[in-house]
Structure formats: structure tokens, C-alpha cells
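What follows is subunit A paired twice: with subunit B in the first complex and subunit C in the second.
== the complex of A and B ==
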């Protein structure tokens, strides 16, 4: 595989990761000001964003699957960071579902950071192969 | 009362945008595929429901058929749907077809509903470098919501901007107001009165747009949730009017079945009684009762039914004169709120609007249906992209749009025409001219004689003049009826006859473009050349002035 082809593949994988995970996970967080709690009407949407992103799978599982092709050609620290953020989201799932304010605020912050990190990765074309 | 909220159609393979819109953009109505009328967020069957929006082109078509009043389409780009639900494409790679299915849907939307504004919910990055940006350049309504994805506030602003742009184009619920001062005043009054509970009376000559005003403005701006129901009282046999308006109970007359009338069908909506001056005395009495207490009784039934309708009555005759003549009940006339009547001016009194009206009719002609299909066939034969919009121009075409071009002499001829058939006559004439010109242009391509600019289709002046000459005939009855009804009370028979004669001479002068020989041919037997002098003499005796009428002919 030539370097150009490899870079094209990387860019395509990074764009897909941004679309399938980054864009979707931030749906609710984008509509809530930082530090604010979401209105009741948005809370079910936040649960879907994090824990049923494609209807059934958690965002963490979907990210893991979609990131594999990228990881195969390049190990980027930003991928590790997103993985850690989503693992944290899974750890606080029970509190988020229970509507605990601190957990909901943390979940919103995680969503924003995942989106911005994956947007930066896509803008870089997925990193150099 | 609040104006009717704009209606959105979401086209997205997933549920995310619809969920977000239903959560945060509740000032809009949504074009669902569901029978229920309540908003999705109030629906007990909301969980897991997929009738909230369209997920592919087939469902989009279904929603378009069901909702003719969609204001904006929100369209996703990427559609992860099975290959059998994708639109046909030359692309063989499934992932690529899915990635750009939104563009294929956009092209289809332009084919069937070219006038619909579309907001494409994607980013330039998602489109990728291989997408021809000309696809968007041709459509002024497409906007890109990229970095603002899922930002409900940004999406709301895009929707409002799109709707405002549409309003700026001069269309109001599809009603073309034009720029004349008379119409500006009428527009303000109509919008105000539409929101009230008062009945409304619309007066105007045939073809001035009374029904369209009632449906597209009065009903649309009334905020009423029921249907718009129209009854043309001139088209119904007198014996059927009461059954049609008020409904029937079984056995009301031989063969009568239980049937609701137009009043009941218009419940919570608007009922237009067109040509109300045609009602018989008995039907006027029944209508008066319905207006007095807001109740109707089906024929053959004793029970009264409460109805809540906004009543709009329209007439092309002078109802005041009908009341004076004893043919229309004074108390019913008073109930129709004549003090606030809306009078649509004839087209000959608003000639400054002819160009904008013609523009609007041209766009409507090619927005959908078989005429749109003919335009697309021409575009394909000429090697053009499917046109997003068409433009009527004077002198030369404009860039970025398929232009139908009129010579300035043609515009003069349009302005000089007396338009006895009013807006309806203009609409038919413009449609005919554009379609015939399109057919000529298509034929020229097929014969290898295509012009250098396939984006410009000329409408020949000769064709337009032929259509103008053939577009109307003024039978005696058409001349007499409005003139007679407009005559002030107390005029002598001599004055009435002279008025009719003067009107006839004036019309003939305009119709023949001031040719007294042609007028003589139509008015008198014998040698037209000789008779022309007599006609000219009588013309002067009637107080008509050649110079004055010629200046009207020249616009």
C-alpha cells in the first residue's frame, strides 16, 4: 500500500469515526450550555447518545469497533483519550440513569470532549500513517 | 389568533434529528406519515414509532402526497439503508451510494417539488471533494448545517432564514400580491380580518383571485386547524344547494342518505361560499339562520348542530345592487360584514403587477407535474442539469437560472391588453406561451438547430400576440352584466344604454388595437371601410378619446 492510499484510508476512517460517534454523541450536549443541567425533555436523548448510540450499542462499544481500522495503522493518543472518556461514561451509567446532577453534568462534559477530540482527529486526516 | 406554524418534513434514515426537533423545535408542525393529528411529542404511541418522518425516498414521496403544505424539508446526506431502498445509481459501491443518497433524494425533490426549500443537514467535509458543488449553486435554498450539526438553535435559525427568504420572494402562502398600492392595502386588511371571528365578503370580477385569496390567505392566516372547504354556488342546481350546505338525514327526500354538509366538513376551518349572489330566496333564509346562531339543521332532521366555521362569501356581482333590486336579502347581506369587504381590483387596474404575476405563474407551471416533466426533458436534451428554478426575463436571460425571455414589445403588449378574464386569463396565457416556446426550443434541438444558449428560451412576440388575440372574446352578456349591475341607482334607461355602448366601443378599440375598420366589421354590416367613418363618429359622440386609449394600449 502506497503512503498516499494509506493516508486516504486514514482520513476516511477518521471522518467516519467523527460522523458515527463524535457527531452523534454530542447531540444533546450541544443543546445545553456548559455547566447547565439539561431540561427534562433532553434527558432521555442523553441516555441514548451514551448508552444506545446506534439503537442498541453503547457509545464505547461502537467507538471500539469503528476505531480498530485506525489503530491498525496508527496508534494515536487521542484514540486512547476517547476510549478512556467513554469508559468513564460507562462507569457512571447508573448515576446518569438515576438523574444524579453531578453524573449528568460529567456525562455532558464527556460528550463534548469526545466530539471535539474526534473532530480534531478528522481535521488532521486521522494522523500520518 | 396565532398564524399557522410552518410545517417541516424531516428526511433522515435515523431518528436522531426527529427526536431532537420534536424535543426543542415545537413551534413548528411536522409532516408525519401518521393519521393522527396531534403533535408527536403528545402522542401516547411515540415510543418506537417510525411514522414521525421519512426514512428514504419512497417514504418522502408518501409524505409529500399526504402534505401539500410543507414549508421546508430537512434532509440528511448519509442513508444507511439496504440497497433495495436506495435510489438507482451508476455508482456500484454500496457505501458510496449510501454516503451520498441525500443528494439523490435532493435531485428527486427538485423534480417533483422544485419550489420546496431544502436544508441539507450535513457538512462540507461530509460531502467530500468529489461532489460537484454546482449541485448546490443552482439551488438558492440549500444551506449547509455542518459544524452546527444537532444544534437545535442553529437549525431553527436556518429554518427561519429559509422561510424569510421565501417570504421575500413575494409569495405569501402561494398568493401573489404584486406591488400595486391597492393590493398592499388589501393585503394588510386581509391578514387582519383573517385572524378575527368575523365573516368576510370578497368582491371582484371573475378571475381576480377571490377563491385563492380565501384559501391561501384568509384560511392560511386564520390559525384555524380545520379544513378549507369551498362551494361554488353557481355550479350547483338550486334544488341541491341546501342538501350540499347543511347535509341530509335518511329519508329527507327520496333516496336521501345520512350525509354531512359542507358546513360540518368545514368545522373549525373555513367555508367559502363562492358566487353567493346566486342563492335562491329560500337558501338565503337558511344561510341567514346558520349565520345568526351558529347552528345548522340537516335536511329531514329536527336536531340542530353547532358549527364553528369562518365563513367567507365571494361574489362577482355588486351585492349591494342586488339588495336594492330585491334579489338578495338585506339582513343576510348585513350578516356578511359588508363594511369590511375586500374588493379585488381587476387586472387592468393593476398593470404594474403583470410582470411579477407572470413570473409567479411561470415558476408555478414548472414547479411540479407534467409541465415540470416537459422542462426536465428539454434540460436533458439540451445537456443541462435539472433546473432548480426558472425565471421570466425581459430582454435577456439571467445567469444561474433557466430563463424564458420576453421582448420588451411583448411586455408592452401584455400591459396594453384589457384582461377581461383577469389573473386567470394571464395565468393561462403565460403557461401557454412558456410551454409552446419550450416545445419550439426542444424541436430546434432535435433538428440540430439549437441556439448557443440552451439556458435561454425566447418567447416570440408573434406567439404572444397571437395568444393575446385568442385569449378572450367579449360576448354581449359579459359586457352587460357587470356594467348594468354597476350602474348607479336612478340612472335613466338612455344613460344606461349609452354607458353600455361606450363600454363596448372602448373594449372593441382595445381589442382591435385601435383599428376602426376592424371595429366596423364587428359592429356593422356592409363595407367596413365605409362604415369605419360612422364608427369613428359615434366613438367621438360617446366621449371616447383615441389618444387616451392609445396611451393605455402602449402601457
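== the complex of A and C ==
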């Protein structure tokens, strides 16, 4: 495979990761002001964003699967950061589902950071040279 | 008169979002392929289209695009990469099919298109807009909800 093809693939994988995880995970968080709790009508969507992102899988599982092609060719700390954020989201799942304010606020912050991190990764073509 | 929004995607994420954030401004319908979109628009024209870009969950036989031709012309015969390309760009290909059939409603993508790419899409397909994420206010503006 030529370097150009490899770079094209890398960029495409990063765009897919942004599309499949980064974009959808922030459907709720983007529409709630930072530090504010979402209205009741949006809470089921937040649960979907984090724990049933494609209708079935947790965002953490989907990210892990979709990041594999990128990890195979590039080591980027941002991938580790997103993995850690989503692991944290899983750890607080029970509290988020219970509607605990502190957990919901943390979950929203996680969603925002995951989106912005994956957007930055996609913007520079999939990883550090 | 209620404005009509047709959501075109391979899953349900856009429709879920639209039902929560856009239902006060639009009557929302959904299609999951070019064929479904064409059928929906033949029954009732839409005022705006909200189009997903990637269709990686769609069955290959529902995709717009000639896989053999794409494979030969752009990917040196590699059908796997050609299929991936068709899936990655399916939203724009579906829009092309809708435009060819005479449906010219504004199309909005939730995607970070580079400026030149968006310019090219407008040149090819007329009224096309893009917002970078699921920001309800930005989407309402792009879809023309304020003028409803």
C-alpha cells in the first residue's frame, strides 16, 4: 500500500469514528448549556447517546470496535483519552440512569469532550505523524 | 401549513433527534434508502431534506452507485474499498438520485464538509447546507424552520 493510500485510509477511519461515535454521542449534550441539567424529555436520549448509541451498543463498545483500524496504524493519545472517558461513562451508568444530578452533569461533559476530541482527530487526518 | 421534512438515513438517530427538536416546525417522515426516499417524495413533496452521509448499516443492494464501475475506475479493482466508498458517500449519491428525479428541496447534512467540498455539492445539487453537529438551533436555521 502506498503512503498516500495509507494516509487516505487513516483519514477515512478518523472521519468514520467522528461520524459513528463523536457526532451521535453529543445529540443531547450539544443542546444543553454547560452546567445545566437536561429537561426530562431529553434524558432518554442522553441514555441512548451513551448506552445504546447505534440502537444496541454502548458508545464505549462501538468506539473500541471502530477505533481498531486507527490503532493498528497510529498511536494517538486522543484515542486513549476517549477510551478512558467512555469507560468512566460506563462506570457511572447506574447513577446516570437513576437521574443523579452529579452523574448526569458528568455524562454530559463526557459527551462534549468525546465529540470535540474526535472532531480534532478527524480534522488533522486521523492522528499524529 | 405544516412544513414537511424528510429524514434520510440508514438508522434512526436523525429521526429520533428530529422528533425531539424539530417536530414543532416540521411534519417528519423518514426513509432509509434512495428508493424509499423517492417513493416518499412522489407521494408528498418535502420542504427540506435531512440527509445522513454514511450508510454503513444499509444492505449493499440498496445502495446508489455502480460497485463494479467504482471498483474498476477508482480503486484498482478492489471491491471492498469501493463498497466502503459508496457507503461513506451514500448520502450525497442519494441526493444526486433525488435531484435527477426533480426533487429540489433544500438538503442539509450534519457533517464537517471542507468548504470546497460544500461548494462542489452546491454546484452539483443546488440548495445544500451543512452543520457540523446535532445542534438544534443551527439545524433549525439550516432547514429553514424559522420561516415556517
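Structural remarks
Going forward, the second predicted complex is superposed on the first by the 127 of 129 C-alpha atoms of A that agree within 3 Å, B and C clash if a C-alpha of one lies under 4 Å from a C-alpha of the other, contacts with A are read in each partner's own complex, and residues count from 1 in each chain.
Methods note: a contact is a pair of C-beta atoms (placed from the backbone, for glycine too) under 8 Å apart; a residue touches a chain by one contact, two chains touch by 3 or more.
Given the structure is predicted, the values throughout are model-derived calculations rather than measurements.
Counting residues of subunit A touched by each partner, subunit B versus subunit C, the larger count belongs to C.
Contact with neither subunit B nor subunit C is seen for A:102 once the two complexes are overlaid on the shared chain. By the touch criterion stated above, A:24 is placed in contact with subunit B and with subunit C alike. Subunit A residues 15, 19, 23-24, 26-27, 30-31, 41-42, 45, 48, 122 lie at the interface with subunit B in one structure and with subunit C in the other. Within the complex formed with subunit C, the subunit A residues making contact are 12, 15-16, 18-20, 23-24, 26-27, 30-31, 41-42, 45, 48, 54-55, 115, 119, 122-123.
Remark: subunit A residues 15, 19, 23-24, 26-27, 30-31, 41-42, 45, 48, 122 touch subunit B in the complex. Looking at the complex, you find that subunit B touches subunit A at residues 16, 19-20, 23-24, 41, 78, 125-126, 149-153. Those residues of subunit C whose C-beta lies close enough to touch subunit A in the complex are 11-13, 16-17, 20-21, 53-54, 56-57, 84, 88, 110-112, 132-136.
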